[in-house]
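Worksheet: one structure, shown below.
As written, the chain order gives the labels A, B and C, with residue 1 at the start of each chain.
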Amino acid sequence: MSEIPGELKYSKSHEWVQIEDDGTVLVGITEHAQDLLGDMVYVEVPEVDSEIEVEEACAVVESVKAASDIYSPVSGTITASNEALTDSPELVNSDPFGEGWIMRIKLADRADLDQLMDATAYAEHVESEDH
Amino acid sequence: MPYIPHTEEEVGQMLDTIGVDSIEDLFDEIPASLRHKSLDGVPTQATEMEVTRLMHERAALDGQPLCFMGAGAYDHHIPAAVWQITTRGEFYTAYTPYQAEASQGTLQLLYEYQTMMANLNALDVSNASLYDGASAMAEAILMAVRANRKSKSKRILMPANVHPAYRKTAEAIVTNQGITFELIDYDHTSGCIDPASLPTEPGDFAALIIPQPNFFGTLEDVNVLTDWAHKHKALVVGVVNPIALAVLVPPGEWGESGADIACGEGQPLGIPMSSGGPFYGFMCCKQAYVRQMPGRIIGRTVDLDGKPGYTLTLQAREQHIRRSKATSNICTNQGLMITASTIHMALLGAEGLERVALSCHDNTRKLIEKLTSIDGVEVVFSGAYFHEVLIRLSAPVPEVMRALYAQNILPGYAIQDDYPELENCLLVCATEMRTDSDIETYASHLQRVMGK
Amino acid sequence: MSSGINMLIFEQSRKGRTNPSQAPFERPELTGIPESLQRKKRVVMAETSEMQTVRHYTRLSKKNFSIDTHFYPLGSCTMKYNPRACNSLSMLPGFLSRHPYAPDSMSQGYLSCMYELQEMLKDVTGMKEVSLTPAAGAQGEFAGMAMIRAYHDSRNDDQRTEVLVPDAAHGTNPATAVMCGYKVREIPTNDQGDVDLEALKQVVGPQTAGLMLTNPSTLGVFERQIEAIAGVVHEAGGLLYYDGANLNAILGKVRPGDMGFDVIHMNLHKTFSTPHGGGGPGAGPVGVNERLKPFLPVPMVAYDGDHYSWVTEKENPQTIGRLSGFMGNAGVLLRAYIYARLLGREGMVRVSEYSTLNANYMLALSKQKGFDLAFPDRRATHEFIITLKRQAKDLGVNTMDFAKRLLDYGFHAPTTYFPLLIPECLLVEPTETEDKETLDAFMDVMAKIEQEARDDPEYVKGAPYTQPVRRLDDVRAARELDLVWKSE
């Protein structure tokens, strides 16, 4: 069973969301997701200042055998992208909830957060997908 | 049975193993109503002897005329070794190197190809081929729209002196994705795009296409054009002749920062004209855009023991993994053609390629001198040229061409259908294959025909 | 070793070594070209002798598996024997030196072959007209979908935005639909390998431009409900596209035109035995029924009973246009023509019969040897699927390991991990040109590898051992891109 930190929110497409005090959220992919994808070879991060809609494909993580879109769990504006991933995509594998974060988004509508799952619900979601 | 090794006895054993009575039983899942009875539209079988005779007769019908025609396919010398090695079964009958360990021959060769092409274009990377020059330009346009992160525009600036068939191909392939073309007229004196005529406020556009040489054979001021496009945040796609690159400034060195993508027709590098195909399209680009490049790409890596080896890489761009989000739908490429091209470039080397290029240029210069000494023949455009020139005849071109065909000469390509304003003009070319005596033959026949 | 077999041609280079006889001896001046347009630095190429070059590439060729040297049962690729006559006869001087813009009067030999090929392909597919110009299967698919779009556009039917694609389809299908400006909707497959007809009925509608279908499908079975599927799609105003990847299985037995398809492409490098060339060139002619005829890509060839001539935009103003500079892969088309003449109508039918016999024989042997099949209750077409899910779970030896170990025994691996629907799968396509001994030997080796996997799984996972390299580090290849050799 992979790690699912209790303080984070989760989307069905396996992104995690960390809510910050300044009205932004930090987004990455879960340990479970990186495990499915395998060794990362490239991460395409979004352009800072671009506007995104909830569930819009805004980044790409790429392993040798698969490329997967990252869907934004919320609507808003990209305020930062993790440039370190350009040279070290493996951070998504080694530290998915920390150094492997993908983007920071300034929320357009806090109500988007209500649509996300908590850790318990996400654990069940992962469980159900395995079958 | 031709190409089927089964003996009657074996067929019986195999059917027993399967547990059916006849081969016909194996098709029992096909609805009976759909079953087809006979193929009357296909001739009956023939022996290799019979087909050999037939094909010799057909090939002889087409003859081997003296060729002064270019327009996208060029008559160059190909060393004997090129196709003897290329058609070795190990290259000819392998497929895409999915099992890298059992395909190191093809893979290493393709890595060498990528190196040669990148060097020729002075760009960072090359893919392992597209179908041909025209479809490569179409793919380059799609790539430029994806790769240009400074512009969301789907507008492409397309000079009117890009090969007409290339423009038609690009339109057929890219316009379904909402990409639009804006035609830039050529300067009617020089035959080139006049940089001074370009707008100071061109509006948002994704890329400028720059042909070098252009379809008329004249040379564009690539440096100025490249800088102009970059100033307006557009990418530059060079459409280039690879033989010319031995002596012309390569796309990667155009202007301040170089073209972003270069593509073109690889045929001049070791591929026979063979009715226009199979040829291959090459494509090179700056490192920053490699993930937007379509087609197969080979990378060097190491094996479990740390020994160097080659493998398909960046496959996550491709259709078999990304499906509807792939950079292109291309799967099969022109592997055998670039096998030939790689061997061709290795045999010629830089010195050989330069001498071929210089001879093409020199022979074309001689041809033009001879032809323009005939009354009623003049050069149309003032621009510098590499190995193709547009000439205008005072006589109707179709009649002149017919008369020269009768002498077993391909006198050039008439461009009137594509450029109505260029009536009675003929695009002529002399490669390194044309001797002084060939040129004399052409000139004397032309003079006779024109004098009538 | 002075010219070590792993060295790149560039590493064998010696400054000043040339092959003077391969280019004119003279070095004329470059006159009239401005300095600013001239190349400053000489191109970096290898400087090697002719013999060195010949030896290098001959040696490289020996590091390949190929049909001429090995059994190559790559599913969905139809790796059958490529008759040598097709190569030598298509490379006769008259064909090789023909300029693509040579006049009709100097092209009757070539044009007659192309016209006859068009006619033969019409007959074997049951379509009304054929254009030979697409350069490969994927380009044929593109032409097909572009014609479907042109057809709807010509009727001002602009609400058709979706293309339906079964989940078992080749990746080129969805990629092509997107290139033609369509959204893709996947249709599930049922547990017998047929399209889920109920699911299809639910998603088909006025927004459906068409359905792309491979039949026999990539799952190695014939789609039995094809008439019903065609009915559902046509009822909704959509068109039916046939992916000809597996035409080899049904040649002369059933025709796409009779199944109800409106447009098809054929892979001549599969069914008509033109070479695969280490990745191409292929050829992907398209065939259409009556209503799509005006949209066929140009050029095509016409015959008035006396004279062969080109059909271009002039004659077909509604064409989707051109897909390459000239007429696609002309030399590949010649090879297919020669192959078709050699086989004749008698040989065409034998292609599907014996490729199907070989596949079903291997399927039966697989059962005997205890391998699990993806569709054990179905007939194989010209290919079938073994799933190694059980071996992967119980022994820790997966499909990739089997594939690599097969190389050690001198067999190219079947297609692995495709179609994506079947876990740990091997898609096996023996083709009609393989003999029984080879099929027996292959299945014996499969059983032997399974035994090895029981006795010493680590050994199998370390395969191959006999190839020029062992397993390659794909992650490193993609992370630390090394695509071009650079001198120190």
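Quick note on the criterion: a contact is a pair of C-beta atoms (placed from the backbone, for glycine too) under 8 Å apart; a residue touches a chain by one contact, two chains touch by 3 or more.
All values derive from a computational prediction rather than experimental measurement.
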Innermost chain, taking as reference the mean of every protein Cα atom displayed: C
B-C against A-C, pair bridged by the larger set of C-beta contacts: B-C
Distance between chain centroids, defined by C-alpha means - subunit A, subunit B (Å): 43
Between subunit C and subunit B, distance of the C-alpha-averaged centres to the nearest whole Å: 20
Between subunit C and subunit A, distance of the C-alpha-averaged centres to the nearest whole Å: 37
For subunit B, residues contacting two or more additional chains: 316, 321-322, 325
Multi-partner residues of subunit A (each touching 2 or more other chains): 41-42, 62-64
Contacts with 2+ other chains: residues of subunit C: 474, 477-478
Residue numbers on subunit B that touch subunit A, as the complex places them: 149, 291, 315-317, 321-322, 325
Subunit B-facing residues of subunit A, complex: 41-42, 44, 47, 62-67, 69
Contact set on subunit C toward subunit A in their complex: 474-475, 477-479
Parts of subunit A lying in touch with subunit C, wherever the complex brings them together: 39, 41-42, 62-64, 89-90
